[in-house]
Amino acid sequence: MSLLEVRGVSKRFGGLLANEDVSFTLEAGQIVGLIGPNGAGKTTLFNCIAGFFAPSAGSICLEGREIGGLPPEACARAGVARTFQIARTFTSMSACENVMTAAMLRQRHVPAARALAMQWLAFVGLAHFSEKPSGSMTIGEQRRLAVARALATGPRIVLMDEVMAGLNPSEVREAVDVVLKIREQGIACLIVEHVLEGIMPIADKIVVLDRGCKIAEGTPQAVSNDPAVIDAYLGTE
Amino acid sequence: MSAMNKFWFPAGSLLVALVLPLVVHNVSWLNLAILVLMAAQAGVAWNIVGGYAGQVSLGHAAFYGLGAYTSTLLLLKLGINPWLGVLAAGLLAAALSTAFGWSCFRLKGHYFAMATIAVAELVQIFFNEWDFGGAAVGLSVPMDRTGWLWMNFASKLPYYWLALGLLVLTLGVNWWIERSYLGYYLRAIKDEPDAARSIGIPIARYKQIALCISAFFSAAGGSLYAQKELYIDPNSVLSTALSIKMALVSILGGVGTLFGPVLGALMLTSIEEFTRILFGGTGRGTDTIIYAALIIFVAVFYPLGIVGWWRARKERADWARVAREAS
Amino acid sequence: MTFEIFFQTLASGILMGLIYALVAIGLTLIFGVMDIVNFAHGEFLMLGMYSSFWLFSLYALDPLLTLPLTALMLFSFGVLLYRLLIVRIINAPMLSQIFTTFGIMILLRGVAQFLWKPDFRTIENSAVSGSIKLLGLQLGEPQLVAGLGAVLITSAVYFFLNRTRLGAALEATASDKEAARLMGIDSHKMFSLAWGIGAACAGAAGALLATFFPIFPDVGANFILMAFVVVNLGGFGSVTGAFWAGILVGVIQVMGGLLLGPQYKTAVVLVIFLGVLMFRPQGLMGKA
């Protein structure tokens, strides 16, 4: 049984079919990249898995349990954590408090939550920023904070939505390091990315979407040589 | 806020508040102090759901008035002791708030604010027409039973202690919330509701908890008002002006801060008195103008309120210092 | 209830509803273009009423005649308000936005009370007064003219938004501010315009009302609540929605009053409002 099984998921908004019959699996400890041209339906699929949308058809199973259609908070409790394209940190709180709030899913006791939070902050390399008001952080720092926050919920999978967008090459490398460290922890990652140089080298598997449908699935090597994928990207880029 | 300030400021204020009536014997000054305490308490109650959880209610007078009417009607019609009446009023308001929350919490921002205005209006219309509840004429609390047992006194001083006690209780609950996981959850809901959901927070449930607590204490404040003024009518305990004031003291003093509403109540009551003395009660609305100018000024330039602004400034300064020392 | 009473009530509801529509159009325009709910909108109406009143009392100029002047003055006032205050809170937290316009509402009411006292005023014996018999119904002349005026002005606004380039620019800013900006449309100017037109509409409604409705500093209070309901029912940002919803709200209000008693007519509208908010927040005519 795979950790995450997406089977025949479709999502319709009125007349628009954003996802059509998408299926793939994710195994424990894998890094899977979700790529495709703009408007391919990647974020929609993300939102379905994370509970922000309910799939119009199909099923999404986490360790055999159906989570499709569950609200976001239930998905989080089940073990699906996510980040957003805009970091959406809690600006009235410090970095540590941001992560503490997430840790409270597993640990209501405030001092214990704080200890957990400091661990995850160190994990993403933000330990020295723990008291910094999150509203004053740079975009890169906020992104890392969002990752720490997601990790503090003790997930089985982290969904990352374009964490590497707009970063310079050294920042991309740092982000890649964090993703690899997450895999070492045994947590699977499903990553939507446009920055292909970041995701292709580390992914165990790549799933390619185009106009709502899955057009390829395989190793990064296989996918980058797939004529359908090249066509999809060249057609729009 | 440094640990020193966190203890000394509230302790000092409490000391002042305890000593005040022993030093001030002028009845109208004492009454003014009671008004400040009651305005502060109502503001702290509002702040729990409006400031901390970020659900801006512009109809909170509905809970205040509900509290006033519940305890008064229980006393008048069933002879129930006001102490029990206050408790019953709080519980009823909390219970009714669930109906409100269930239907309105999915509304965002402006829509929610409008819904609260509509609900408060409806409650006021209801009480205006409800003959059993006195309708527009209102209800009078009799003076036949006095003393601490019946929460009814000839002099103002005991009401001062009651108001102070209720304020301290409300602040205490608020303080406990702020320090516990509930406080973190509410702040998260206020800042980024979607992100809050993504880390496992059922936002509707926690908004409701905040609202229930807020409604409870608003109603308690209303009951105390009824016992003090000995007369209530829809205009005095259910008006839009009251709703605005309950939110305003927090806006001025600092939404989402513990002492913000207290400071705001102090400012607001001072302004009201000051303008009344200066311009007289000619009904020309001068105090309203100053009031309003202040609201606009604070809303535009200091949206966090005085305490909030101060705290944010301090946090940035603290952080800057830490960053400098580290480098 | 006889047919006559029914139709009489219906007619008065429609006429009043047209006024609500005119007020709401301004409100919905502001919200549609910049996502701000103007709690002070009723005060534009109030100022329009006072403008008509003073021009009539001091210079014996008929309200219908001075309506364009009133509308123009309110237009300028709306733009001024935007440039002075609103521009500063465009990106502010929602609480600030709510309380800024709320503060303006209280300020304007206070100023009106200070300048003109809380007394109720009326305009007597203007060019329109008395009643006429139309289609077998006894209709007040001022109300009828006001209703017609509202239809005319609404049509003018509709025409402006849908048939002129400036109007198209406004609509573009409303649907996608960033895209509009990329096309060279200055958001700042569009926001000013929205506030100006919004205020002018409410002011014009005030001028129309002044011929038969009492004028006092807090008069905006009734109308802002109705305007909220109308905007919500018609869909935020939709001018056509506001028009039809306005008529609907006017009718519901008087019908509710007829069936349950005049003291409940506002309550009926509010209950419907809450119902719509809960079950169809996009309004009766809006898209989900």
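When the chains are written out, they are named A, B and C in that same order, and each has its own residue count from 1.
Going forward, a residue touches a chain if its C-beta (ideal position, glycine included) is under 8 Å from a C-beta of that chain, and two chains touch if they have at least 3 such contacts.
In this text the structure is predicted, and so the values were computed from the model without any measurement.
Contacts between chains trace an open chain of neighbours here, each touching only the next in line.
Of all the chains, the one whose CA centre sits at the greatest distance from that of subunit A is C. Centre-to-centre, using mean CA coordinates, subunit B is 33 Å away from subunit C. Centre-to-centre separation of subunit A and subunit C, using mean CA positions: 47 Å.
Computed from the mean C-alpha positions, the centre of subunit A lies at a distance of 42 Å from the centre of subunit B. In subunit B, no residue reaches two or more other chains under the touch definition.
Within subunit C, not a single residue touches two or more of the remaining chains.
Residue ranges on subunit B touching subunit A, taken from their complex, read 179-181, 184-185, 187-188, 190-192, 194-203, 256, 312, 315-316, 318-319, 322-323, 326.
On subunit C, the positions that touch subunit B within their shared complex are 37, 85, 88-89, 92-100, 102-107, 109-114, 117-118, 217, 221, 225, 228-229, 232, 263-264, 266-267, 270-271, 273-274, 277-278, 281. Within the complex, the subunit B residues that touch subunit C are 54, 56, 58, 103-104, 106-107, 109-111, 113-115, 117-119, 121-122, 125-126, 128-129, 240, 244, 247-248, 251, 255, 283-286, 288-289, 291-296, 298-300, 303. Those residues of subunit A lying in contact with subunit B across their complex are 50-52, 71-73, 76-77, 81-82, 84, 88-94, 97, 100-102, 104-105, 108, 110, 113, 128, 131-133, 136, 146, 149-150, 152-153.
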